[in-house]
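Chain nomenclature is as follows: A, B, C, D and E, assigned in order of appearance, with residue numbering initiated at 1 for each chain independently.
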Amino acid sequence: MAKRKNRKSHLQKIGLPPGSLIHIGEQKTEKASIHLINFDENAVHEKKLRDIEEAFTYLAQPSVTWINIDGLHEVSIIDKLGQHLNIHPLVLEDILNTGHRPKIEDHGDYIHFVLKMLDYDEKSNELITDQLSLILGKNYVITFQEQAGDAFDPIRERLRSGNTRIKRRKADYLTYALIDAVVDSYFIILEHLGEAIETLEEDLLNKPTPETLHEIHGMKRKMILLRKSIWPLREVINALEREESALIQKSTEVFLKDVYDHTIQVIDTVETYRDMVTGMLDIYLSNISNRMNEVMKILTIITTIFIPLSFIAGIYGMNFRYMPELEWRWAYFSVWLVMLGVAGIMIYFFKKKRWF
Amino acid sequence: MAKRKNRKSHLQKIGLPPGSLIHIGEQKTEKASIHLINFDENAVHEKKLRDIEEAFTYLAQPSVTWINIDGLHEVSIIDKLGQHLNIHPLVLEDILNTGHRPKIEDHGDYIHFVLKMLDYDEKSNELITDQLSLILGKNYVITFQEQAGDAFDPIRERLRSGNTRIKRRKADYLTYALIDAVVDSYFIILEHLGEAIETLEEDLLNKPTPETLHEIHGMKRKMILLRKSIWPLREVINALEREESALIQKSTEVFLKDVYDHTIQVIDTVETYRDMVTGMLDIYLSNISNRMNEVMKILTIITTIFIPLSFIAGIYGMNFRYMPELEWRWAYFSVWLVMLGVAGIMIYFFKKKRWF
Amino acid sequence: MAKRKNRKSHLQKIGLPPGSLIHIGEQKTEKASIHLINFDENAVHEKKLRDIEEAFTYLAQPSVTWINIDGLHEVSIIDKLGQHLNIHPLVLEDILNTGHRPKIEDHGDYIHFVLKMLDYDEKSNELITDQLSLILGKNYVITFQEQAGDAFDPIRERLRSGNTRIKRRKADYLTYALIDAVVDSYFIILEHLGEAIETLEEDLLNKPTPETLHEIHGMKRKMILLRKSIWPLREVINALEREESALIQKSTEVFLKDVYDHTIQVIDTVETYRDMVTGMLDIYLSNISNRMNEVMKILTIITTIFIPLSFIAGIYGMNFRYMPELEWRWAYFSVWLVMLGVAGIMIYFFKKKRWF
Amino acid sequence: MAKRKNRKSHLQKIGLPPGSLIHIGEQKTEKASIHLINFDENAVHEKKLRDIEEAFTYLAQPSVTWINIDGLHEVSIIDKLGQHLNIHPLVLEDILNTGHRPKIEDHGDYIHFVLKMLDYDEKSNELITDQLSLILGKNYVITFQEQAGDAFDPIRERLRSGNTRIKRRKADYLTYALIDAVVDSYFIILEHLGEAIETLEEDLLNKPTPETLHEIHGMKRKMILLRKSIWPLREVINALEREESALIQKSTEVFLKDVYDHTIQVIDTVETYRDMVTGMLDIYLSNISNRMNEVMKILTIITTIFIPLSFIAGIYGMNFRYMPELEWRWAYFSVWLVMLGVAGIMIYFFKKKRWF
Amino acid sequence: MAKRKNRKSHLQKIGLPPGSLIHIGEQKTEKASIHLINFDENAVHEKKLRDIEEAFTYLAQPSVTWINIDGLHEVSIIDKLGQHLNIHPLVLEDILNTGHRPKIEDHGDYIHFVLKMLDYDEKSNELITDQLSLILGKNYVITFQEQAGDAFDPIRERLRSGNTRIKRRKADYLTYALIDAVVDSYFIILEHLGEAIETLEEDLLNKPTPETLHEIHGMKRKMILLRKSIWPLREVINALEREESALIQKSTEVFLKDVYDHTIQVIDTVETYRDMVTGMLDIYLSNISNRMNEVMKILTIITTIFIPLSFIAGIYGMNFRYMPELEWRWAYFSVWLVMLGVAGIMIYFFKKKRWF
């Protein structure tokens, strides 16, 4: 659904000059909220802003400023901030367009990241995606989310608490920490999906129904979405590692390598799940074939045994005047014998064919 | 259909020396029309030309001239223009051959692009392709289309209106704007296809018919066409970004990167749709298997219950003179009991097999 | 068939030292024929040679000499020519071995090409391949074909006629023209195949028979053969473009780029056809499934409606002495009512299952 | 199962700063055990340590020290050792996280390897994976395993015994020997799987049951796990060969090439097995189709022969008063003739269709 | 089988230091035999050796020495030869391990090749593989085979006979000739397989049985084995061409290019065969579907025509006292009319559905 609205908005934009700021995507929150944390080794200032201009004094300081904006529809916020920090209009346009795949763009003075945050809605049994745009500048990090609710609370907690490493280091380390939190949150999704797959597998073995098939296909589709959101991240982090930007300190690289490993781990798990789901589909279809085969056998056994017998009974149900057998003393008894014989031969034949 | 005509025309050309100008492809418009816009930061001249020679004075000026030609069958127009601008005959030949895949060729003095414009005909439910050839020179852009009707009206509007960025910049920016408009128009196609896929999915779940299967296959074929038209564009724009041509200004590169991102987004969506359509095909086929299984079960249940019963009835329908049971007082009643017993055992057996 | 003979001849060669000249492949023509055209800007000499030695005087002139040899089984011709022009024995061996894939080899003084000419035999509905070996030297082009009949007549015509570009240029341009003619001839094959595919599609929709399936498989096999013959050509022409050989003039490169584009176009069409044929196979198989499903439904409906009714009729066909119903006044009428009731319930059930 | 616990532990870690040491994975052993071997060309010291501090004096010596730790849940051991040897906290974190894929990381002073040891549990018929982390320093090798039991006993034996090559060489050769032992142990797994596949194949040919299908799918899943564990190893060893680290002596490279070859051999075998298992699945499904076809034929033969005959018998079982045939002298005999004729025609028809 | 023994032997080796010489693989010949040919342009010495030491004097001469050893189980021969020529123990180990894939290793003083010789056993209808290890030194070539019987007799013949090129050239040319002979022998295998495929295809069209399916699967498996043996050879020869070893003379390169082309030709044919076999599988399965469909139709036609008729007959077979129709004069005749009508409608319906 979100997808279609997204496309529709994109249509509105057609023909406008590039860099026109229009929010493309569903409006997921009512009012955009701005949250600022300014910190260095010694002090932390945290503030909920009404107006984005309040942030400008913090940005002028050498300490690190992290501004998080939830909700993209109030375009003026993003516009003002972009002009203040001298962000290229196309980057701002990208932030507002939530249909991007994960990417990284180095603009010299700042680096622009696009990531996908994922959430698993247990009610609708659907994956929810939320685009995170992140701008890393010399002494600031700005994060744009479509809606409130993210995986960054532990990082905020670490910033608020005592003399932690995150406070001693610069904006690049904060960026790493945020990306790391996003990647870590993928493990939660995988956890949920892993459980769902196990449940599905048990259903498949014990009581497969057309419903099971439907769920397998649903799972497959979730895998496609997951892959699409996570695969490009691999290249993003890889590019970041190789990046020779003044914005990334040498000492942060080892941490990026670590996130990279986690991303690979996530991708590996997604691939394994995909293989498992594909395997389940095969098992389901083989099961149906097997069952149909079994059904056919039963039908054939019953039919081929009784149809000839019924025929024999039919013969002696005919009303011809001249049917010598009808008058014989042991005819009825003999017919029974014949019938049992026919049935016996049939059963022997099926046994030989290993149908039982 | 267009395809076959295309091939046929190609055959006519076999044996001619290279660079012979023959229009290869369907004649999609009756009369070729030439439209010229000449602009710089201060002025805009717009004109519908009767004769291509009228354009030559504009081309001599330092301001940017955009000539758009709808209809390729009037070869003389293209020939004259080519000779005036010193375009290589093979390029002119390419412009006339509408079977090309998207490509870019740098000829030093000018760059030659081939793109595919797509349109969705809702009546016939078909995709219509229209080849756009674009020649970017020092101070001119020439676009060749197979027929009237394109996605460039908003750009014309921006050129006509006040002091917009597009007027302040050069021919390379205009080229970017045109390519961007083409890529944007793909989103409209995707929009239509997305809706069609959703309708198909609902049909698939609620009331799948052989017709549904047919439509799924039609959709798959559209995906193949889309991919073929759009995939190469990725390389084209990529090549353009890396191009070290004097015709492309440094400041235009960031815009090219933006179109590139949009192209990737389009390709991603096409791939997702393809996966969805493939999934739908699987679901359809599984559904048929499921249904056949169900049909088989019903057939088997009814048959295996009633065939033995009919056999019993047949037995006592025989006309033998000596059948002791026929005379018994409770025989008829007992036969009913036996029959109910047999039916009961069958039903129990099917229950145990979970056929209900 | 040709294939197997080819392999057999190859076996004869095993154990011989490399460079032994033995024709590997079917003998497709009775007598080898040698045809020579010598031309420069001013004059054209054309001659059918009895003896290859006659060509040597022409080869000594600075004008371009094109020798075409149809039929490979007269090994002595190739041997003498090879020795005169100092061609490596392995190249001669390659010319005689018709099982090669398209390739290009630069030997310094000359470049050796292998191409596949294709022809469509409408009678047998088969593709016929003919290996074309081409040797491009400083002032000569030698072409070897397995049999008479090729796509080069228009080129010969152009050479014979007035002051055409092909006569003003050198051997490398002639080579380009020949390759271009081969690639152009692929379009004819594609034309035929395209028509055959359309006919197949109509058959598939209107009246699919097992024969249709057979033809689809035959088409698939043709696609495999086409791909095998054409794919490597792409690399060949690409290599030729990048080739820094003194034999290729700078001005010929733009023409090579053009052939390259045509080759890509051919490959693209082959891929599209392959996708279409694969799709047709899927449609055919789905159709069979659909039909079987329909057949099963009819069988099940008829059987499940009438088998219980027949059972009821069977009951009252029994000959027990004590069957109270038989004596009732309205029994027969009531049985009809019961039967209609049972049938009605069944029909309602099938309607609910949407089997009609 | 182990997998899911792994994921769960990973969740506990979310939000903690990177480098926090928490064991991620199942606790597979009750008490961690530390085993140390210190050796040079002349002497070997072997010791079971209670406390990791005991190892520090050995590590200070120029001779090679190999510390093996079974069990990862006693985090303090790893923490202390890491601090003593100045290992980066993220490496320690990696050692504790058992969900990694095989990898190699060069940290300058030491190289960190992750490998997967595999074991085949014949009881449960499952593959058991055990993550091996290995740290190669200037004069030490440290191996971390999830549980006791490994493939390294022969290496220990070689170290204990006389003047073997392994004792004359340095830590890099020991590392090679350990990796080699792991790769060699894969052959045992392949041996087991090869036997299981052969058994499966015999079952498949002699007596295929749905159970067989289940086992084939189980085998396929094992192949997926194997591939996932072994494929990355190829890149790891390849990277190690190219590594220009001071820790790897030139003379060890030829041995690495050897392990590389063995790894390729293992991967090749896995791929062959995979192809075989896939083929078995196809055979199984074709078998089911074949059988169903055969069952259908029998059903059809019996039914189509006897149903018309029963109909004839039914006709003459009707009780109409005026049925002239009933009174005829040879009617009964003629009916039999007609029936035999009908049956004969049917049988002839089936013979012609080659159903027998 | 050979495969499993191979693996078993590998297990015996686990834990031994690298370079321990143990023959891994089946013992295919009873006694190893050593055959030596020493030649230069002028003379040829040929000898069957009892003891490998006899060869050492020949190896000391500047003329080329070719030692061929059939049978790998007499490890001492290989050991002595290896020590004399200073071959690395791991290379000797590789020679004894017959599970390798084709490869090439440059050790400076000598190059080590592993190839697969293939043979087709017509009795068992199986492919037999024989590993060929080849060591090319400055003035010697040593070949190791698992058993007697190879494709090298023509080369021996050429060496024995007069002043052939092979005698004028060095060890590298001999190596080329040997590899060429191996590649040529693949054509024989392909010849056999091509014939088998044609036979299969005819069976498939004329009289497909489950046996045919079995053979198709067997063929597919052979293709997998062939590919596995031949594919890596491509890289081997390619590496050899690029090799800048003093052991390979410039003039041999053109011959290597020739073998390379042959290898490509072999691989191409294998791929084509694979496609054909896959296509045959599809045809077989479609055939079964087609047949089942046909069987179902016949069953359905017969059943749906006769079951209603039998029901009607059953009605009038009931013994109710009050059944007015039974008494009617033309009842029996009318019932026949009704029955013919019902049957006619059914047949019309099936005709309309195009079931005949």
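Keep in mind that, in the parts below, a contact is a pair of C-beta atoms (placed from the backbone, for glycine too) under 8 Å apart; a residue touches a chain by one contact, two chains touch by 3 or more.
Keep in mind that this is a model prediction, so the values were computed, not measured.
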Chains touching chain B and chain E alike, please list them.
C
Mind checking chain B against chain C and telling me if their interface is mostly the same residue numbers on each side, over half, or mostly different?
different
Mean-CA-position distance for chain E and chain A (Å):
42
Rounded to the nearest whole Å, what is the centre-to-centre distance of chain A and chain D, using the mean of the C-alpha atoms as each centre?
26
Chain E, residues touching no fewer than two other chains
289, 292, 296, 299, 303, 307, 310, 314, 317-319, 323
Chains encountered circling from chain A by way of chain D, in order, are A, D, E, C, B
Give the list of chain B residues in touch with chain C in this complex.
3-4, 7-8, 10-11, 13-18, 88, 90, 93-94, 99-101, 103, 105, 207, 210, 213-214, 217, 220-221, 224, 228, 281, 284-285, 288-289, 291-292, 295-296, 298-299, 302-303, 306-307, 309-310, 313-314, 316-319, 323, 325-332, 335
Residues of chain B touching chain A in their complex?
151, 153-155, 157-158, 164-166, 177, 180-181, 184-185, 187-188, 190-191, 194-195, 198, 254-255, 257-258, 261, 264-265, 268-269, 272, 275-276, 279, 282-283, 286-287, 289-290, 292-293, 296-297, 299-300, 303-304, 307-308, 310-311, 314-315, 317-323, 354
